[in-house]
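Shared between the two complexes below is chain A, which pairs with chain B and chain C, respectively.
Let's turn to the complex of A and B:
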């Protein structure tokens, strides 16, 4: 009897016990409350922006006042887009898994047969023993019908088929595990090209895309194939859950360890005010719940949930239809261009036919767009063709997250540059075939990457005040407060209702702390630099972290120096605006809090803490969640 | 006979109309909100002091020096 080769030990083995989050139960009442508060917040926000432009500008300091009010206006637009995204949830009922092709496609005279399902594991340079974990978990996938073939294929873009002894042998691992293996001779189109190669060699009517580290749960097919009974559904995306995020540390224990009884007392005081506080929880902000369960799931309402790559299940018919249409369009365009260039009259009919034949051969069928953000780009094109998508709320696979700031920055830079590139090349606002909701959702994804335009102004505003002592507004008067505070309160409660029981602090921090990488991405796209496809490394990078956090360190230093200077002026009795100082200090503390997370992440080292209480959320969020359940505001749907 | 289900489609439009009306009402109220509505004193640079010829001190006529300064 053949024994399976043993699995290699990795750092993530100690997190195997972790269980994924469960999706937020849908509550119609809570959603209506959110919609009400969103409408009120938008009305007050519009009033605030109007007041800012009309009455509040400090005309003696327009160089400061105008950029700030522009930044506030742009930021307000992003709030509008956010509300559109969040507007309403729309879950589909989970259906029985499909068995026959006729359940998911119109046969048009073809004989019926059991549906074929493939699992494609895309890999490039990851440790082959890591891929073995994914293969093993894929082999454990259950499907209730024995006559439905479920085939697993490793799509290797690293040509690790044994030809190069210096590389690991991926083909051997695939053979040992008894799954299919394909590799290609070039890396054209990167991941999209790799997937195309897989599709060329396989026949699945439905296929699952997995990354090298995306380990599926055994329910991934049972829970999702039923959705494909809707014959316009092109793909189902499941949440990407990172199960190796940093462990939360109980602040009181940490303070005790650092400062003995003094630390314990301080921890006790903090706990008295704020409840139990945990630090270093998900230090890289990788927890995806806010994105998948909050944002993407709610995009189902607009039929605008885009594909995020790993953990998605696709209908072959949809991607191939897109590929054929694109192919025909490309050939038509190129032929027209060529024939116009050479002139019809100077060539014989035969020569023109030869030209056409060559053009047909030169063009390729491309199911997934060859792009750094191939998933979002292909999704947009499929939606424009009238196909539907669905974000399945339950986690069906687990993945590994970036373990250092260099890897994290590279991954986020690719997302940012890829999305910005789409804005310049194929802007969803002008793409034919998209509905208004889809246009707004796709544009909001892209718009969010323009955030540095306003974030930089917000970050530098207190610093400018500290050193120039000029105010961008006439005064931080009653009028300012009467518009600003209600807007912030309504907005905060509206967002709290959407994220009921879920904290978004870390992602909010990273949204601001990412200003630098997003700025660099904007610059690289504007100057026309080609967006590179960097595969996210699965192990710790040894590259220097300093370039990623240097701007953050400089900004925090300037804030500290500015504060010292202003306090000195106050004690001298020479400060022109105490209220301005107080307002800007609050703002700068908020900035320091947000920027500091990236500095802490840069120096974060995994510690061997006792995992006594591995919490997913902080105490406040847990409390809200428990309260929500107690008040029975939510109708919990059974999985 | 009509059932409540028949009119269920009206819930959302009515809800949105009410929300819009509430938002408009809040906006109007905010517009009218003055510092003294929330117990704040009106700062001197917002409203010029009215000179109606009367002094706070009934015993002292306008223009007459304060008692303290007279004692000096």
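Let's turn to the complex of A and C:
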């Protein structure tokens, strides 16, 4: 018996013991309460917006009042979209895995046979030993029927087949593991092109898409293939669970390390009031539960759960239908354009045939749209053609998350730019074939990336107040509070009911803290910059993090300076609006809380605290070394 | 194990047995006499074949197409793209 090559040690090995979250049980009562509160919140919110436009604008300061009320209105629309997304869960029962083709397709005279399943592992430049983990776990996938072939293929877009000795040899690893290997001579279409290449050479009726780091659980097929008995179901998405998110740190230990006995005492006091407090848990906000179990799962109600790439299971027939229809449409459109341009009469039949030939050859069959956000774009097209999708609520694979802010920003920027690009090219609001619910769900995904338009105004409002002492509203009166506070309370409780027992703090923080990267994405799409497909690195980036957090640092600094200035004016008895100061200070504290997460994430490094001996910690040395690493200041390094 | 794109792709189709069709005077005739249903993957391979032939200067004609298959191809709006007889 051949011995398997040993697995390389990686940083994530220490997280192997972690278990995924379990989906939230569905409660009809809770959902009814959510729907009721959502309607009440929307009604009060609409009243608030109406009151804001009609009665509250400070007419002496319209330059400030109008942008703020526009921002609030746009933000209110995003709440409406969010409620539509959350409206109701709709889980399907897990069915027995399928065995024969006739269970998932109408045979229409064809002989029946066992269904064929392929596992496609897409890779580009990741460590081949990392891919080996994914292959090994794929090989462990169980399926109850021996006559159902489950084939594993590595789709290598890095041409690491041994031709270039300077590169790792992916093909060799695939051969050692006894799985298939395909590579192509170009990177056309990036991941979508890579998947197409895989589909061209394989024959699975169902196929699983995995990324290089997406390690499947052995249940991924038994839990999901049964859904395909529904013959209009095109794909099943399973949650992408990141098992390497940052470890929480016990605050008392951290304070002890930072400030010795003084810190320990402070920690003890905090614990006395709030109980045990942990910090730095999932510092990059990668924990996916809120998105997959909250948002995407509830999109099943509208048949609008989109594909997120890795961890999805697809019906080949669905994507091939999309490819064929798109091809036919492309050919017809181009041919019409060409023939109109040249004029039919002036050319011979032979020449027209030549044009046809060229058009047929120029167009391609593309099962997954060639786009930076190929997964969401393809999903939208398939939904528009009447196909169904399903978000399976249970985690069936584990993945690696960005381990530094530079990687994180690159990944999120791609998501943002890709989604915004779809808005400009193929806006779901106007796409033929989508239902109203689907239109709203897809548009809400895109709309959320326009958030900087209102976020920037919200973020800068307190700063503008601090330095101009002008109020955008007539007064922060009872009228303001009687609409605003109930809306916020009802909204908060409604969201609480959806996320029952699950915190969304971190994702809320990042929603606001991402304003800068989303702004840059909007600009790049508006000026027509081509959206690039960057593979998310699986190792830490060495790039400087300063550009990503500089706007955050400036804003927080302005808030601090503004506060000092306003406190000075209050003590001098020269401040025109104390209530305005108090309101804006609450708002600015909320802003600081949200923006600071990204700064902390930029400074975050995995720590190996000596828990037994926390007082030995040298805070100054740690600060210097971190500064040197982050900003690459060689002068500090030398010390 | 590496496979590159080749003309053999077409032969993988379940609907078209290996080496189906006949080449005559730079026209490849694909006979669908026995075929009463094409999967989308089969159709994709047919398009692939048409394209491959075209790139080699060969025309593809699909013959003996049953009405139900023709309906299928019409539904996908391929009737003006693939030559039928």
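Please note the rule applied: the second predicted complex is superposed on the first by the 606 of 639 C-alpha atoms of A that agree within 3 Å, B and C clash if a C-alpha of one lies under 4 Å from a C-alpha of the other, contacts with A are read in each partner's own complex, and residues count from 1 in each chain.
Everything that follows uses one rule, which is that contacts are C-beta pairs under 8 Å (C-beta built on N, C-alpha and C of every residue); 3 or more make two chains touch, one makes a residue touch a chain.
What you see is a predicted model, and the numbers here were worked out from it, not measured in a lab.
Using the contact criterion defined above for the overlaid structures, shared-chain residue A:320 touches chain C, although it does not reach chain B. Put simply, more of the residues of chain A are touched by C, taking chain B and chain C as the two choices.
Using the contact criterion defined above for the overlaid structures, shared-chain residue A:478 touches chain B, although it does not reach chain C.
Legend: residue contacts after superposition of the two complexes on their common chain; A:518 is shown touching neither chain B nor chain C. Judged by the touch definition given at the top, the superposed model places A:39 against chain B, while chain C stays out of reach. Contact with chain C, but none with chain B, is seen for A:181 once the two complexes are overlaid on the shared chain.
Of the two partner chains placed by the overlay, neither chain B nor chain C lies in contact with A:380.
In the superposition on chain A, no chain A position is in contact with chain B in one complex as well as with chain C in the other. On chain B, the positions that touch chain A within their shared complex are 15-16, 19-20, 22-24, 26-27, 30-31, 33, 35, 40, 43. Contact residues of chain C toward chain A in the complex are 1-5, 9, 12, 14, 36-37, 39-41, 43-44, 47-48, 50-51, 54-55, 68, 76-78, 80-81.
The residues of chain A lying in touch with chain C in their complex are 105, 107-110, 161, 171, 174-175, 180-184, 197, 200-201, 203, 316-318, 320-321, 323-325, 327-329, 331-332, 357, 360-361, 365. The residues of chain A lying in touch with chain B in their complex are 32, 35-36, 39-40, 42-44, 47, 477-478, 482-483, 486.
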